[in-house]
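Look for chain A in each of the two complexes below; its partner is chain B in the first and chain C in the second.
Our next item is the complex of A and B:
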């Protein structure tokens, strides 16, 4: 998907005498996929282009630092990977001086290179069901966001796929359906990395498929599977949300000031439920770029008649002293109690904890993710650069904003972050209110149904 | 009896007060520069026969300017600084250098030890060779005192102006000692002092800067552009990811709007989040500010009213038509950051921890000027 190289790429001191990238110490395996792709493109370009004497325009900073002109950076889709690719390329350079000067620069840009930028949805390979194609487009354009929404949409699309599926001869449904579904799943993952909820649901679906009775006629087997999917959605999401709504709603008393961040579907239900029971409380909605999802929550809550205050994340410090409880949603929750949620949640939880405000996370049990994540870098997703969500105020002239990257300038929009368990007071699930350190006991509480 | 201001000086004060009231003067350094220029005009045209009249004139100017824009603290600070310098000059002119002499060191005793520890008034180099003949309240020639001391006063004011004009250079003097190679620095908003500091360090060091956008003003965008144009590798991130990236950040560099007497500060909205997240990760927080931002003011109760509020339409604009009526929008411009969150203040006059800010204030300003 990267455009063809627009400049001939030269090693800094003319063509190498042996023509081989000899001094590159890193094997192909140690480079990331992006770097490998860059390396391939470079090798292809080097073969195709005629070597000329003139090196490309040096990067201004490197020219200042070292006297060796370096080859022009490729116009790759992500200069993070391009800068990272500069390092293996410069490792091939003749002198150590150039690579020292450049390695210092590339270090900073390299630490984020594993994030990987979102790729545009490629043309559907193989036969992808149209429902899945539509869903992938909706995902990549962020029309469907939120862990619950994405999971329900995926399962609904898969129901259509299953109904339209016909077992090929000499095959059983329980064995072949999964191979049929795999490319559909990969297509969705290519559009946007899979959420933990989708992963858990699909794992459960695979379990059901492989456990389906071989003797059942095909239509009955398919109907049974769709019924199981409906039950999953109903039990693990809809009814779980109702239980959470009631439990968490009991924590809201008259006169409370509730604070929430961005838009969680569960917290929205909790607040609407508590309001419909006649409790008098006001809500403070904290919102932030890149997605500015809080505005949707704001319109829903204020149309329901709840008194709302709206502010952006930096302003949090001035209102936190008036807040009685903080309700947060989650994308997933780990066995050490750390909550993986929309970027900015960690800041809200941290500041609330500092001001002794209880932080309550509302999370269904199907969002539970085995394993422990230590920081927000282990797993994260970047939003596409630019104003996809129209999240800049109209009062700000567009020329004053930096919407595209430039030389020495990269724009990163991480979508998630990790809140450590120390900042959280309690987690409300459908099996009860749990302190964050006991999250690992959830599978036990569910009778290992996870 | 209160002397009236000369018309020209009076007009200049009114013009500046109007600009401050309408927020046409943006930025603490700009406000400080304009205040110095106005004070210079006022002093050069003032008529007074003793020092107290001059002090009264200047305090009156200070009161009017601070009332025009109470949240712009540098205006009052400059007036206090000028008053302090004027008093110093006056003291050296009338009494010689006796008051400023260092204590004799040949006897060791507890009292000498204690005396040496007193905050020493900042020395203004005395220029008062030819002023032995100053006579106050001369009935024959009421202006003789003014004429005699004015050149000295103008030089004192010029000192303040010079200090203001060289603030960025002096703050960045030791930049390369504070920033090391391959460091990742986080900053927010667009502070020109921090920008000058980073650009100075970039001449000798290779580092990366992460700039947080700082909604709703999004001044971080300009900062990122300025830094990347200077050849520093820059990342622009939204405010929501400050906690996420903090584990990789080596230092947090902030600018200040005003430094308070307890070592806390008013800084652009979002600084509290960055400083708290840094404290959670044990990352040092460094504040770059000129000394003209030192304010003899306390924020003991973390007053909501101490904040300055900006236009809510940048948070929730009129395009959300039906929401605008039903919803409260909060858009403070500044945050209060407590002294426990800041590790060091880098000023044009050296580096100081928050615990010694009170000493700096005692040395730069006179106690009687805290309230005009």
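Our next item is the complex of A and C:
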């Protein structure tokens, strides 16, 4: 790895440290581009001599941004790419800070700025149903998290909205209900960006609404819609989870060491189900901040009687050699076979693959997304700063441990990352165990457009 | 005929506000009758705005529409006049429903009884507010409502309260003779989750005045609870509708603040009470709850309760038995999911407002009333009125300091000196009058040469020439004679009209004492 902080501060035309995984000449070219940027920044800063209050980041961040398009797009863990980008950044940071000084640090963080931080949910515009208001609060306070949970919660809230809905005169339910639901959906999206599961479920709901019979009396139509919502939850989530539980459970043999990352509702069901069938196995739970979801999984599994080991992500390398299978959950799975899941999943999958440990992703078919995703930079979500997750032990003062933004510190918590299909051995869905690259054949096999 | 129909109106209102307005016995004689007309407490002016206006605009900002204003029958007319008048046209989106209850000044009905009486009018979750609360700009009702919304869905919390740190003025401006300052009641709360755990009641103080008794179950559930005796109750309670059912079960209770809320804090950690009242406070309803979603949520852990059916970790010896236990614990996905709900925690949430975050107080006693006026004065700067009508009334030789407030159409004659005071509408301030740190309500007449220091004068008070009043409170319509002087007195009209002889003697005694000082 590159000796970042110990680099001599010299003009960039000198010999370049070859810290990047990419080749030498390319780094030189990017260095000079960064140098040009830096010059631009200096001139701009000199022009705008008034000090601004925005948290300053060294303009070497722009060097990082420029590095990313030039460096080979990494489909792998974004932490890997970020680490690669950081090494030239460190080199530039020394020069940049020295040259710029304190004045002119007017630029916030460029990386991930295109999807910004979640804004606090403001007073609702128009009439938002109280159930949706409360749900949006649950989302923005991270009380209901996880793709399955959010989808179920959204559909449950919409059942209430539909039941309280009254068709205005001169209108039909099938046409007007959708316009009635649209502001509610936008309110939820304003709280937290929509998950793929929510999107698929809402699309299905719209289909059902537009297909509802005009001649039905209103209450019957509403009841039919609620019934369809219940069926969707039951078929695509609950029963799908049962099938996955059995299928994946069969892959766990006595004496296995199963590794899982953070907390997935499906994997939790798989492990509990396998344990209740009497298989003897132990579980290693890998966890990471800021959410520390693995802790809750640990409490659930250990109170069920499963033998568990708990460790944080950096310690993964020391246990990976003992692992027999890795079970992972997913937020969504894309048609190129990439799995979009909690940040850190890609690292686990990659490391397991290196050590020839089979990586099994448990995912229901309704999480399938038609799009193609190549990296986790274009679409991601940042967790809000602050101690939202109550992840510190009771004995320590919370305020001292919580990180806050300072003039030289910007805190980034991307919540998702992308695991390329090369790191995955198999995907267990309710329609069978399939290799990741054949994901796009599922809709055809199911006979519907999803 | 094609009428333009608006979009479907949501019939569901999430919250309704219940605004309680009492007699204001602590603010006597300000709230005493003016002749035969009552001076209702909510219409007393703070910085020349009626008290209730602060609360109403706070409510309006949060987006709640329905307000049920409950007042004594005697106050119905002036309050109804205020609500329907132009001045309250600034609350266009509020629907204020004014309901009187029969109460006389001597026999006061407790707030619990009032709420029980009007329970039928409250159909949804409600917010109980006092009419005398002046909210700080940093705390919005939406924040408290959001905490309630989040917790009642996530946890099964039943109410949210708000306590604030009392603001200590640098030097006490009000006199001790006006009455004792309200002492804060000790409370125990958990800071991390924002839960109110225990409120000391007068009954508890009677039982054991030296110690506060806490249950072990409270401490084992919340080991890092905090105890404080410096927080005042703002009387803001956001409650679920079912709390009213629990209120009906307790006919003995009189005061919401002193008895009902402390009682409501108990079921969350006392198991016997929880079993007894869980069905009332958190009943099984047809409303769809988010139980299934919460069980799938990755940040939701099943509460570790001490029910005996949870098995111990398996020992190598009794494997067979443990398997049986384990089988019962793992919920079967099809049957168990529908029926099982995470048990409601019946928590009472708490929002604590620190003094550093902004000044707030309840104007329910004279000291707080004066303090609030002072506070608003410190924020305002006085400038001569711009419209010529009012301008002409204020003499150019009058000295008015910049931290005063003068109402409309008030006439200030020459050489009057006004410092740090609030003067209402239509007053007349005579020549050479010196007014320092006073609150003067509407229509008062201050004679020439009068000296007022730290006084609160009710509406229509007449102060004679050369009178000296220091830290006095007068009832509406009181007349201070020429040359009289009072210090630290609450001047009631009954003293003045009823035995003129005896009150005359009192006045002479006072003036003699004052002369000697």
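Here are a few things to note about the model shown:
Keep this in mind: the second predicted complex is superposed on the first by the 327 of 450 C-alpha atoms of A that agree within 3 Å, B and C clash if a C-alpha of one lies under 4 Å from a C-alpha of the other, contacts with A are read in each partner's own complex, and residues count from 1 in each chain.
Here, a contact is a pair of C-beta atoms (placed from the backbone, for glycine too) under 8 Å apart; a residue touches a chain by one contact, two chains touch by 3 or more.
What you are looking at is a predicted structure, and each value in this text was computed from that prediction instead of being measured.
Of the two partner chains, both chain B and chain C are touched by A:299.
Within the superposed three-chain model, A:376 lies in touch with chain B and out of touch with chain C [touch as defined at top]. Shared-chain residue A:156: touches chain C; no touch with chain B. Contact with neither chain B nor chain C is seen for A:214 once the two complexes are overlaid on the shared chain.
Legend: residue contacts after superposition of the two complexes on their common chain; A:167 is shown touching chain C, with no touch to chain B.
Shared-chain residue A:354: touches chain B; no touch with chain C. When the two complexes are overlaid on their common chain A, residue A:269 makes contact with chain C while staying clear of chain B.
In the superposition on chain A, A:313 makes contact with chain B only, while chain C stays out of contact range. The contact surfaces that chain B and chain C form on chain A in the two complexes overlap at residues 295, 299, 302, 394.
Residues of chain A touching chain C in their complex: 123-124, 127, 129-131, 133-135, 137-138, 141-146, 148-150, 152-153, 156-157, 159-160, 164-170, 176, 180, 233, 237-238, 241-242, 245, 262-265, 269, 272-273, 275-276, 278, 291, 293, 295-296, 299-300, 302-305, 389-390, 394, 398. The part of chain C that touches chain A in the complex is made up of residues 2, 5-12, 14, 62-63, 142, 146, 149-150, 152-154, 192, 223-224, 287-290, 292-302, 304, 310-311, 313-314, 322-323, 326-327, 329-330, 333-334, 337.
The residues of chain A lying in touch with chain B in their complex are 60-61, 64-65, 101, 104-105, 107-109, 111-112, 288-290, 295, 298-299, 302, 307-319, 321, 342-344, 346-347, 350-351, 354, 375-377, 380, 392-396, 400-402, 406-414, 416-418. On the chain B side of its complex with chain A, the touching residues are 181-182, 184, 206-208, 213-216, 218, 221-222, 224-225, 227-229, 231-245, 247-248, 269-270, 272-273, 276-277, 280, 302, 304, 307, 311, 313-317, 319-320, 322-323, 326-332, 335-336.
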